[in-house]
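Input: structures, listed below.
Consider the two complexes below, in which chain A is the common component and chain B and chain C are the respective partners.
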Partner chain A sequence: MRLSFSGKAITGILAVVPANERLFADEMANFNFSAARSRKLAEVMGYDRHRIVAGPVCSSDLAVAGLEHLFLQGQLAREEIDALIVVTQSPDYLMPGTSKVVHGRLGLHHDVFCLDVNQGCAGFLVGLMEGFMLLDQPAIRKVVLINVDVLSRKVSPRDRNSYPLIGDAATVTIIERSVDARPIEASIKMDGARREALIIPAGGFRRPSDALTAEMVEDADGNFRAPDNLKMDGSAVFNFVMTEVPTLIDDLLIDTDTAVERVDAFLCHQPNRFMLNKLADKLGVAYERMPSNVVEKFGNSSGVTIPLVTTLNYSERLTSETMYVCMSGFGAGLTWGAMLMDLGPLKFCETIDFEEDE
Partner chain B sequence: MSKVLEILTGIRPEFDFATSEDFFEDGLLDSFDLVTLVAELDEVYGISIDGMHILPENFANVAAIEAMLTRSGITP
Partner chain C sequence: MEDFLIEMAEILEEDSVRESDELNGFESWDSLAALSVIAMADEKFGVNATAQDLKGAETVGDLYALIQAKNAA
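Moving on, here comes the complex of A and B:
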């Protein structure tokens, strides 16, 4: 589906990552593979270290920390927030939604439109689209988009498919109307028929958690995981990304008459270095214009990675100038999308650490 | 030993790749080894194998890998 948005802009991005850092070298022994094979794979995929919560930290904890930081720095005021969107696959509760938890913990006023979106690695794009649509309402002038996940709590530490790359993080993105902004062009596609490629099989109403769903089982590749854990069919996901994403981006570039060279940066979801390099090769984009360093520094935090790759690599540039960027997210659903837009100058673009209580 | 066989043996030295017709079916390689294999082929031959072609059936035996390299413009 092709979508266009007028008169909207991102005005600030803050990323919040847990201070707790784990090294892949220290975790290799958990996997049922030789150290030599794990090391080779780490080199190709970019596994090095990841930031994950150490204790029972919830999505709202990271979100509240980010918003309180902005309040304290004078970058955002409570009374300015007209809408609060929380995109997560790791909500604090099945009900109420995490946006309501954040709203209550921060004591926001009652005229706030709170919205929860269950979306994975395309969650930043879907959240932006929701935010842009809300801004068409005269009463909504400022939207706070929270992307957050603490999915490390749902990944088996003995699953080499997912554990080395998983990361926890949150971002706070401010979206506002902007009369001077150039149109934002986007494309998004969904395929629920392939929903099992990325799934947490148990814990919902379809299969409630019980003693059986907590039991670890070894798969054909030697990974141990339980139905309560996140399960990723790595080959299916890789094939999906390589087949669908370059075509979607190419089509959007052609449809908007945009040359690849005109795009200053391709801010893509961060599954691993190998996949991103293959994507860059396919699109004919130099690696330096498609940064792939989030997995090696922070881990893959699902829908948080696009704003996180932005704060990590372009913090200085984006607070002083405008870049024309192509964002692309792809993952659970399956969902894949891309967005072309002007980004910057931003009021803030930074990454902070989240310290857990002792 | 062919260059392809050398690369395969470097990834899993414990196996004899010359006698298998299907590395994945016979348990010589898994999906993670496939990623390592493609990265090594890319590096050794100075190419980038198209992501769409990174499927087990295209790397199931030495002949299939050599055919993939030929499609990528390389004489193995």
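Moving on, here comes the complex of A and C:
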């Protein structure tokens, strides 16, 4: 589906990452594979270290820490927030939504449109789309988009498919109207028929958690996980990304008459370095214009990765100039999309650490 | 074929491999190696193979036949 938005802009991005860092080298022993094969995997995929919460940290904890930082720095005021969108797959509760939890913990006023969106690795794009649509309402001048996940808590430490790459993080993105902004062009597609490629099978109403859903089972590849854990069909996801994503981005570039060289940076979801390099090859984009360094340092934090790759790589540039960027997210749903837009100059574009209480 | 065997040797971390070599005979034949074959098939031969396709292959030669068949299709 092709979508266009006019008169909207991102004005600031803040990323919050857990201070707790784990090294792949220390976790290798948990996997049912030889050290040599694990090292090979790390080299190809770009695994080195990742940031995950150490204790029972929840999505609202990271979100509140980010917003309080912005209040303290004078980058945002409580009373300015007209809408609060929280995109997460790891909510504090099944009910109420995490946007309400954040709203309550921050003591925001009652004229706030709070919305939860259950989206994975395309969650930044879907959140932006929702935010742009809300800004068509005159009463809504400032939208706070929060992308957050603490999915490490749902991944089995003995699952080599997912554990080395998982990361926890949150981002706070401010979206506002901007009369002279160039149109934002986007494309998004969804395929629920492939919903089981990325799934947490138990814990919802379809299969409530019980003693049985907590039991670890070995799969054909030697990974151990329980139905309560996140399950990724790695090769199905790889094939999905290689076949669907380049076509979607190409079509959007053609449809908007945009030459690949005109795009300053491709800010893509960060599954692993291998897939991103393959994606860059297919699109004919030089690796330095499609950064792939999030997984090796922080891990894959689902819908948070696009704003995170932005704060980590372009913080200086984006606080002083405008870049023409192509963002692309792809994952659970399945959902895949891309967005072409001017980004910057931003009021803030930074990454902070989240310290857990001892 | 020769190019293919060189690529396969690299993926399987061997000096050289033969068509008749059994895939399961290599310690390095795992899901990562399979992924590398899929990527190589795409890059070098323009063939879109899936992990499911690869499951039927028993030897290095079977993989080559699979890629050729897909290429012709």
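As a working rule, the second predicted complex is superposed on the first by the 358 of 358 C-alpha atoms of A that agree within 3 Å, B and C clash if a C-alpha of one lies under 4 Å from a C-alpha of the other, contacts with A are read in each partner's own complex, and residues count from 1 in each chain.
Throughout what follows, a residue touches a chain if its C-beta (ideal position, glycine included) is under 8 Å from a C-beta of that chain, and two chains touch if they have at least 3 such contacts.
This structure is a prediction, so every number in the text was calculated from the model and none was measured.
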{"item": "Chain A: partner with more touched residues, chain B or chain C", "value": "B"}
{"item": "Partner chain in contact with A:F238 - chain B first, chain C second, else both or neither", "value": "both"}
{"item": "Chain B versus chain C as contact partner of A:L279, first or second or both or neither", "value": "first"}
{"item": "Partner chain in contact with A:N32 - chain B first, chain C second, else both or neither", "value": "neither"}
{"item": "Chain A positions touched by chain B in one structure and by chain C in the second", "value": "33, 37, 40-41, 44, 221, 234-235, 238-239, 242-243, 274, 278, 281"}
{"item": "Chain A-facing residues of chain C, complex", "value": "13, 27-28, 30-32, 34-36, 38-39, 42-43, 48, 50-52"}
{"item": "Of chain A, residues touching chain B in the complex", "value": "33, 37, 40-41, 44-45, 160, 220-222, 234-235, 238-239, 241-243, 246, 274-275, 277-279, 281-282"}
{"item": "In the complex with chain C, residue positions of chain A that touch it", "value": "33-34, 37, 40-41, 44, 161, 221, 234-236, 238-239, 242-243, 274, 278, 281"}
{"item": "Parts of chain B lying in touch with chain A, wherever the complex brings them together", "value": "11-12, 30-33, 35-36, 38-39, 48, 50-52, 54-56"}
